[in-house]
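Look for subunit A in each of the two complexes below; its partner is subunit B in the first and subunit C in the second.
Take a look at the complex of A and B:
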């Protein structure tokens, strides 16, 4: 059996998740021993319609992109959603709190009605086609990305963590952001990133989506302990997880 | 029978984002030559409205994965101006230092991984791993260093978390700065090797000249990426960043979802070559020597030489970084705890030189500190019209070369600008 053929595609996004493949540095060479890249527009000029695994980055916001994604799904045996834009819609879903005509007018002014500037509410990939695996994060963790590709190349089921980010803060001995009187989403967000944001002096924005079964009581305890309300969490959650919690001002 | 030349590139490879090239010529006459951008707009300026001044940089850095530090810092400068936050000299120096890492990382990626395959006549960097193992290893080391430099000061290498209005959420230690200094010194031979290789291959860059307007930040005495006024080769005047809309004059065209810009003439160029043309007098010694060795001088009007200017800048940011670390360590690092910030209504603009050219952000906030207006003008957006004009000048010169070579020269021209196309549409 030959190496699985892998193709990488992107839709509306910043391509920061693909960049994490490049950021594997020397380790890419190891992955090249396991899989054969047959199409990756950002890095290679090779093209192919024959692939086993499609890795897809970005969100769907236009009819033409939906059609292209369906074509990719048809050709791929496995489809992996790469990064928050693909797994949950990412920051692109902030747009969904707004009126589509209004966002077009706000950005393009008098030219807004031109047909090539059309847009629809943002959708994650699994709102359009079947997704087999999700690699979470904005951007994805390159360690996890490497692990998932390695597992699939060897025919092993990849393990996607399902515990909150707080677990990783405790392991790294990071001082909790609530101690600085800040609101952090690590209490309800899926870990696996090794909690770089609180360690780097920021807070968790929930880019990996919620854990499957958020422990609401634990979250409420944290809120109570630090005098915070669920509304504080809601506001912050809106960035990656709940479009509509912040309403978009009309221009 | 008439002789027809068609070049039809759908989604050009080895660039960030989606662009198409269309050339059609009949009997030696160009009928159509177009640089098209069909990228899906994401509407960042519309969707950041309503977010707090404390998280604008977190949202807006997602415009671009390859220049997220540039977006984060331009946003912070605009926000701090709008809300009236002053940062210390130390914070300012640390941000400038952090930002050097992104220039190094991005330039090495572009030159070694995206442009070099064209010079070697291959499809990607993968075959170069075995054909040019030493220089690829040097490029990987330099790229890794750029990344780890960013991670040390920004908390992450893509979409930084340590940069916050007023300062840093996490302070580096003096030990970390000393470690970075040693690593910057150690990367110099790697950059030298990359420069030598580029010098040996530079004759493969097409000899094509088209003089245009070149725009970049300029600051007396500094080869600047961070502070300064807006300068142009077309005018001795310097424009404050507050008035960036007077420079960019954005407009919408049918062939692109990214807006185009124009200033003193039909189009202008931004990026490493523009910076070099305006600021090369202020390069550090080794960077200046590298420029001479590469045959780059400020009169150059060959857009393909932008990649060569990036090699010079990779050396420049390392030298400037070493100098900055020395200043910080001599003065002694004094960590500044984050101040409690108070929302305030106001409006402000900020600019930085992203690896691929000058970048502008503007925001307005209400009394609760929520964003009410946003406007962002992207380097690649400022280059699109200029690429179109280059195409129009280049196409008639390459009609006799056959489809494959014409196609390669057009693709290489787009790549030379190091475009961030999804960023330009945002």
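Take a look at the complex of A and C:
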């Protein structure tokens, strides 16, 4: 049996998650022992339409992206969303609160009218096609990326954590940022990153997206307890977890 | 077993010697809180700690630990950590919690990994000198430790009464060298410390006897209190993870790129995490349980509308014997225990002992998350 053929694609993003794959360093040999990359813009000059697994980073912001992603989905047996832009829309969704014409003019100035810049409200991959697995984070962690690939290669369901970042703060004995009068999104954000941001003295920006079923009532209580309002949370949530395209004004 | 008295000079010299020769874990300041950490010198020791971020269970059941290693040939071996260590300055309620964990991990299904660590541990307990603002040990009967430790230190009048209860404690204490006899006055003062602890280490009142708790809980599975609590629960499991006596874990394999070699790891898990309660068909066990309760309630009563939620109150689920109300501890107005036992910070060679508040000062030199990023 040959190695599964893997193609790596990028949409609207900084391509930092794809770079994390390049940055696997010596682990890259392990990866190449398991899969055969057939398309990977940052590391290969080859291209191919024949692949089993598609790893896709970036979010969907134009009609032509949507079409391309549907094509990828059709060809791939397995589609993995890589990184916050792909899994939740991430920072790209910030623009969803604005008028698309304004966004276009503001960003591209005189070039705004060019057809390939016809930007639409941002969507995460699973708002367009079926996504089989999500590797969260901005950027993704190399450790988690490796673990997911190895699990899939063994035919084992990869373990994608579904607990809040707070769990990892406890495990590494980080004092909660709320105790220092700060607002942190860790209570509603999916863990798995080992809570580096609160441990470093910052707060969680929510880059791994929300846990399934965050308890909104509880969030309100925490806000009350620390003299904050849910709006304080929402403002911060906007960075990585802005609302989906559906609820936003179309240009 | 012997009881002696240590002045602070001797205590410091002893602790310094122990820290040099042994692996000693003890409460120390980190930022403006306390943590158990590897002790390098006596002056870092904070016997005046109020409460630590994580309880000492982390030394018997580490947040993450390797259970086994397997190589590419299919051979596997258990990983047992048998490094002996001294756990120094453990509060009585944490001593009680360790005994509780021993019951789970050593009795019916002994856990080799826990047992290996536990075998190598010498526990030096220390009576509480500064109380946590939410302490409730006295109403649980754990404000004073009667057993479960090797050596007990109690601060009386600027010195320490050291009470060895096991051969290991005895051997450890013998290394302190000059040990003066604890006289009747010192022992009387120690008794007073215990009486005070029993009286004051209760920021919250329990409205029943601790021995009644298991029975009350068993009878209160369907009590409305759970529903009410769950509305305000983040499912962040913080309460469970910092709890000195909660002990659930998850085991997962981390396999290498050859898909053969790797290691089996155990990590703390918690019943309040959503995925912990998932059952085979990916419904949450809690939802399933809730559905069962609802269904059986509907059967038991004449109610015909199947409700999707839990019974509104235990009274609605009435099938005798009716569960007794679960007492929810409310914060009482009992003032926090800040008496003349307010802590001291051990410093070598200083005359009168400086008193510290319950918390380390923010400008403490280690006010920097040590393992940042």
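Definition applied: the second predicted complex is superposed on the first by the 229 of 251 C-alpha atoms of A that agree within 3 Å, B and C clash if a C-alpha of one lies under 4 Å from a C-alpha of the other, contacts with A are read in each partner's own complex, and residues count from 1 in each chain.
By definition in this document, a contact is a pair of C-beta atoms (placed from the backbone, for glycine too) under 8 Å apart; a residue touches a chain by one contact, two chains touch by 3 or more.
Computed from a predicted model, the values in this text were never measured in an experiment.
S.K.: Does the superposition put A:187 against subunit B (first), subunit C (second), both, or neither?
M.R.: Touch partner of A:187: subunit C, not subunit B.
S.K.: Which of the two partners, first being subunit B and second being subunit C, lies in contact with A:54: first, second, both, or neither?
M.R.: It touches nothing on subunit B or subunit C.
S.K.: In the overlay, answer first, second, both or neither for which of subunit B and subunit C A:27 touches.
M.R.: In the superposition, A:27 contacts subunit C only.
S.K.: Have a look at where A:82 lands relative to subunit B and subunit C in the superposition and call it first, second, both or neither.
M.R.: Touch partners of A:82: none, neither subunit B nor subunit C.
S.K.: Counting residues of subunit A touched by each partner, does subunit B or subunit C come out ahead?
M.R.: Partner with more touched residues of subunit A: B.
S.K.: Taking the superposition as given, does A:233 touch the first partner, subunit B, the second, subunit C, both, or neither?
M.R.: neither
S.K.: Would you sort A:159 into first (subunit B), second (subunit C), both or neither based on which partner it touches?
M.R.: A:159 contacts subunit C only, not subunit B.
S.K.: In the overlaid three-chain picture, which partner chain does A:150 touch, first (subunit B) or second (subunit C), both, or neither?
M.R.: Only subunit C; A:150 stays clear of subunit B.
S.K.: Pick one for A:219: touches subunit B only (first), subunit C only (second), both, or neither.
M.R.: Only subunit C; A:219 stays clear of subunit B.
S.K.: Using the touch definition from the top, say if A:170 reaches subunit B (first), subunit C (second), both or neither.
M.R.: second
S.K.: Could you list which residues of subunit A make contact with subunit B in one structure and with subunit C in the other?
M.R.: The overlap between the subunit B and subunit C interfaces on subunit A comprises residues 29, 196, 199-201.
S.K.: Please output the residues of subunit A touching subunit C within their complex, sorted ascending.
M.R.: Of all residues in subunit A, those touching subunit C are 27, 29-31, 33-34, 146-147, 150-151, 153-154, 159, 162-164, 166-167, 169-176, 186-188, 196, 199-201, 211-215, 217-219, 221-222.
S.K.: Within their complex, state which residues of subunit C touch subunit A.
M.R.: Residues in contact with subunit A: 30-33, 35, 53-54, 63-64, 231-238, 241-242, 252, 254-259, 267-268, 270, 273-275, 369, 371-373.
S.K.: Help me check something: in the complex, which residues belonging to subunit A touch subunit B?
M.R.: For this pair, the touching residues of subunit A are 10-20, 22-23, 25-26, 29, 32, 37, 41-47, 61-62, 65, 90-92, 94-95, 97-98, 102-104, 106-109, 111, 114, 116-117, 119, 138-139, 180, 196-197, 199-202, 205, 239, 246-249, 251.
S.K.: Considering only the defined contacts, which subunit B positions touch subunit A in the complex?
M.R.: Contacts found on subunit B: 11, 13-17, 38, 40-43, 45-51, 55, 58-59, 62-66, 68, 109, 113-114, 117, 123-126, 129, 140, 143-144, 147, 154-162, 164, 168-171, 251-252, 254, 257, 259, 338, 372, 422-423.
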